[in-house]
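So, here come the structures, one by one.
Look for chain A in each of the two complexes below; its partner is chain B in the first and chain C in the second.
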Partner chain A sequence: MNVQSKKPITAAEQSLLDRYSERRDALQGDASVTELRDGLVHDFAQTGLPGRRIETWHYTDLRTLLKSAPSDFSAEAGASAKPIVPDSIVLSARNDCQDSAIPDGMDVSSFKELLASERATDLLASKRSDDFIGRVNSMFVDGGSVVEVSKGAKLEKTIEFQNASLGGHLHTRMSVNIGEGASGTFIERQIAAGKTDSFVSSITDLTIGKGAAVTWIISQERGVSDTHLGQINIRLGEDARLTLFIANAGGHLVRQEVHVTADGENSDFALRGVNLLGGDSHTDITMEFDHLVANCVSAETLRNVVFDRARGVFQGQIRVAQIAQKTDAKMACNTLLLSDEGEFFSKPELEIFADDVQCGHGATVTDIDENHLFYLKARGISDSKARAMLVNAFISEIVEDLEQEDLVEAFENRFSEWLAQHA
Partner chain B sequence: MPAVQETIDQVRQIDVDQYKYGFETLIEMEKAPKGLNEDIIRFISAKKDEPEWMLEWRLNAYRRWLTMEAPSWARVEYPKIDFNDIYYYAAPKSMAGPKTLDEVDPELLRTYEKLGIPLREQEILAGVQESKIAVDAVFDSVSVVTTFKKELAKAGVIFMSISEAIREHPDLVRKYLGSVVPVTDNYYATLNSAVFTDGSFVFVPKGVRCPMELSTYFRINEKNTGQFERTLIICEEAAYVSYLEGCTAPQRDENQLHAAVVELVALEDAEIKYSTVQNWFPGDSEGKGGIYNFVTKRGDCRGANSKISWTQVETGSAITWKYPSCILRGDNSRGEFYSIAVSNGRQQIDSGTKMIHLGKNTSSRIISKGISAGKSNNTYRGQVSAHRKATNARNFTQCDSLLIGNNCGAHTVPYIEARNSTAQFEHEATTSKISEDQLFYCLQRGIPEEEAIALIVNGFVKEVIQELPMEFAVEAQKLIGISLEGSVG
Partner chain C sequence: MLEIKNLHARIAEDGTEIIRGLNLTVKAGEVAAIMGPNGSGKSTLSYVLTGREDYEVTEGDILYNGESILDMDVSERAASGIFLAFQYPVEIPGVATMQFLKVAMNEQRKARGEDELSTPDFIRKVKEAAGELKIDMDMLKRPLNVGFSGGEKKRAEILQMALLEPSLCILDETDSGLDIDALKIVADGVNALRSPDRAIVVITHYQRLLDYIVPDSVHVLYKGRVIESGQKELALELEKNGYANIIEKAA
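Now for the complex of A and B:
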């Protein structure tokens, strides 16, 4: 399925290969890590960037979309932006310039240390032949954090990890392990701190232990000419609960991958996504969910608003293994396509091998409902105001699922601001 | 929730080992040598007495095919096909030249009798059959007979085998052949363009409503042969035709290839209804034998207000790879796709549709029901796409699948592509969303939810199936009772 015959090398491909040659010896890691990186570079030289013939990249053809890659590497930016939720604990995703106090029950160390250990080679391998993000990140990654939340720890304050780009290459990896019965709210903030033209890959490996309850938020706020390739790999233990909230409002070429494996029974996973797309941007959310055990619940709802010449992609695949009986999986992707030059592609997939399950998906694409608009206008509200209200209402429904008041308020404000600038 | 007993019983009745049409007709055949090369193509073309341009067209397709690779994106698995181990032409020996029914080999007539296909006009007229249907019967590589030709000609309708049409109406064929499915469209369509042997040609002139149902019955009989039929249906302005296709094959241990191309052209205000009951031999319960069904079907709503509707009931074939599509080019044109696909044994189905919205105010509707049992895999793959200038494009898609047993798989792969803000697409695959109003109406009257859902869906399916003529609807009818309980996407 994923074969791609050899094509002429693109400028971006050449640039990535050149950067690796330059950087190779300065990268963190022992000989086994270097060997692994060399292998990935070799694979990359063979396969190149994924194009439309690779099924999982059909709508995000990097061979044509990624015109070039920067020639320099980003300086360390640290964590400097104001947190989304006031009174949060702010940490740098790269574990540099750490000045906030780490709360009890949580331990943070540098991914650099991990790169020097034996575990590194297991983490860095690329998952599959079409896992370009895994490959490019493993080739270049040299910073990040390793987070351990101990058994039973209840983190009261929101923890915000900032991964700030300053132009140039930025490749970050976070490895997060939430212990049994622990709980907490985490924000992974992908921000642009200054000049743009960044090329970012950021991977988070998140393991949620038995009975743990976590809210994980990815807020992507890159600059208008940045490329952001994100990936989150999640393992859900028995009775684990995770709400993953993805807010995309920024970047030029963005792909966020979500890979979830439910390998403990009775887990509960909810994905809520808001994609605000404007300008000439291209934003892709690709999700894969593997139900490997029985009695798990998963529900995904995405709301997309497309302005200008933006292009959006949603690919969601739910796989239910033969033994995963009584699975309850729902997926919905609703899009407001507000511009005649905008585009949206959705591909909600189901792959089911168990006979006693409830799985469903729905996908809609439409403009603002004329009846709704008429209702508001008949009450003396101007056209532009009425439209803004309806778009806000469309997103708010999702934001409210965050439940925590401070989070709901923070994101509602963020989205209103973005909409005010773009509508 | 698991399937109810009623459904399980009904699906069992059409299980692979219940295949009724697996007999073989012993008849002397004339075959081209095994294998595929330019000489075989020349041989086929010469057999059919084709003009030079047709041979060139075929050779051109063959040369292109040599440079192509077999598609691998579908969710089906099969060993590599040895295209040189197939007979590309096989015809009953007695079939030299066109025949009237009296001249047709009685053995062949008996075959069609056994299959329940009416070929004798007088019997049909005498009321043996309920409805009047004109049939083109294709046996391996040739058309055996086409009934009611004279009566249809009176109305101006041309209905004949494509080989005859190439000889008798070369201009019409040349104008439309390959205009919907280009020669180089895909691997199997290109192969078909090179080696197609027979199929049906229908031309309904301006303003004519075809006076009866037209139908083609395809039968693969000979061992190691491939059937490559080509069907071309053209409806001129404001014309209407309803066309049915049926197919069966003997029970054999080896796999046989069926790679057909069907092209439909609807001009302004025209309407084409195309129905299929696909019942090729599905292989035995261990997956031995069966037909590989790699088919390209596409309709082009070329004129404004035209309409093309595909209805398919799929129960046969070891592998089905088939996506009857509509190109909605004319303004206000409409495309429909209704499908019931049942897989059993080790069957693999990867089927669905494409609705390509190009004109303004076009609409399409997709209703797909997949039922998998045994160790089969059943995939719905559908694309809905609205181009930038296709303002007010409208689509509604509903696909439901049901699994019976724990060794089969049901998959849904929709591709939804919107390129302008006036497009309105809805895709749903949950039972709870089936017209809440209707459901509420039934529930209110004390009908339990499951029965109510079955009632609503079957009401719809029935409407479609009942339009098929009886003899083709035998299999389809059995499916009517299948309810939609425990639906999974």
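Now for the complex of A and C:
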């Protein structure tokens, strides 16, 4: 460890410490939970926010990017937004007020119950020192849901979890267990329901059982001055299939971490990400994938569109254990950089200990193709409309990978609306 | 309809002058063929007429229906009725052909102050025009020009021309890469568009296309200028004797 003179405490750090002192006694959990939270806060007081010297946070230096944190906590907002996909089952991610009927084969309870149980300390304990999102969430979490999808259940309707903030702090945790052979489509919507700034941490622990098939979508729709720290921790069982679709089109300072462990053979994982970045926002997708067993497939494709002074980051680390032979892992990160002041950082990492694997990665950065633009304009399509068509074309290939018609249409509309406002 | 007066144009990036004092007049209802050896400025002329920003006009003027179009950008010229059938139509992945056709038709209608087409009307128009050009509707379900054969791309260009109903059509080496059957289909498509209030400029290397699209006038372009104009017999003479005699005569 490098010993350093202690850095001066930032305004945001002080604010988080103050909020904890105020909130400590009102938070859920028994003495052991409080002790654990106190320990995390003690660590935080020593280390502070992760900065550029911490490798996994190098491009998202919270010490400089996080200027302040709100002084109050969000009231429970429930789930009142119209669903992205019509006819979805809409639930509050915080299980605070549920109107929709829970479908057969699915059970939902409050995370608060889990916080009161013996399992709480295991769940909240954060093992890694650079897991700031895990740590800050464990410090403050006071709501969420526990979702069980039973063995063999086929959920026909899309399930939409809304994690809405009315402004202020919001710290949510979801624990989702998809039983053997079950299937379903889930949307985790991170939405701003209030006008004041939010500081959100949201963690989802998702376990996909043997032979289960899931599409999980994270739709980032926070406000232009909100901070969102998201994390999804995934365990993939044998023969499990998961498409994780991240649709980032909102927020001011956003980091979405994806941690995947493939510990059953023949699983198939696809990450599809669209980053629509504008204004002076900062958006980071950081993925770590552990191939622990043989014969698994993972493929990540990101398409980023950068306007204004926006900055984006993609870090993808694939680790292949020595016994994880026949692993097939691919990573691609394509960026359309539409502004001289925009930036995108792409950092792929492969750590391979097996000798019979296929692993690859690639990154591209480009501007709109002038030949394409001229062709469209030569047919009478105005410059702005032609550009919007070409940007849509760039991301539509990813959206089409969702394959379900209602999802494709819903996200095409969402992205077109965003582009109409920003392009 | 089209009057090009002492036109000088250069490549914006490096200043190389390509068009050097070009004069040409094409009347409504006329089909004008422009021929010339490689590097004479034929394709550049088509780009300058459509307003491509890679080229700068340094002198002279282009009048379309009596008014200068030099201040109009590419899409404004297209919406006013100038159409270029590309020598090499570009493939645009992710843009569906039908969506592109609909946007183009409606944007032009909008620019002219007309109502947008309803979807059934649009599909009917496309089906009719595609049928005439022997274009399979399945081809139009693909992304724009992606995976189209050379012949399919050229037919798709003529389809766009038929749907957009321009008044000045510029065909840039539309015959290149076509077999004889495809050439006939494309030529029939162009001939069907001949009308008293439409002018067509056919840029070509070879006389062959002019057997099918018979021109009213033939102009020889050399080093960025029209050095000889005549009637359709001029094309036959070029086919027989090459450009050497005419170039010599002009020099």
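To be clear about the criterion, the second predicted complex is superposed on the first by the 417 of 423 C-alpha atoms of A that agree within 3 Å, B and C clash if a C-alpha of one lies under 4 Å from a C-alpha of the other, contacts with A are read in each partner's own complex, and residues count from 1 in each chain.
Note that contacts are C-beta pairs under 8 Å (C-beta built on N, C-alpha and C of every residue); 3 or more make two chains touch, one makes a residue touch a chain.
What you are looking at is a predicted structure, and each value in this text was computed from that prediction instead of being measured.
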Please determine whether it is chain B or chain C that touches the greater number of chain A residues.
-> B
Report for A:393: first if it touches chain B alone, second if chain C alone, otherwise both or neither.
-> second
Between chain B (first) and chain C (second), which does A:380 come into contact with in this model arrangement: first, second, both, or neither?
-> second
For A:134, select first, second, both or neither according to whether it touches chain B, chain C, the two together, or no partner.
-> neither
Check the residue A:372 against both partner chains and state whether it touches chain B (first), chain C (second), both, or neither.
-> second
Shared chain A contacts, counted only where both chain B and chain C touch the same residue | none
Across the complex, what residues on chain A touch chain B?
-> 1, 3, 55, 322, 330, 335, 337-367
In the complex, the residues of chain C that touch chain A are 50, 52, 54, 73-75, 78-79, 83-84, 86, 89-90, 92-95, 100, 103-104, 107-108, 111, 143, 160, 164
Which of the residues in chain A come into contact with chain C in the complex?
-> 369-372, 374-383, 385-386, 389-390, 392-394, 396-397
Spell out the residues on chain B that touch chain A in their complex, using ranges where they run on.
-> 1-3, 72-73, 388, 401, 403-433, 486-489
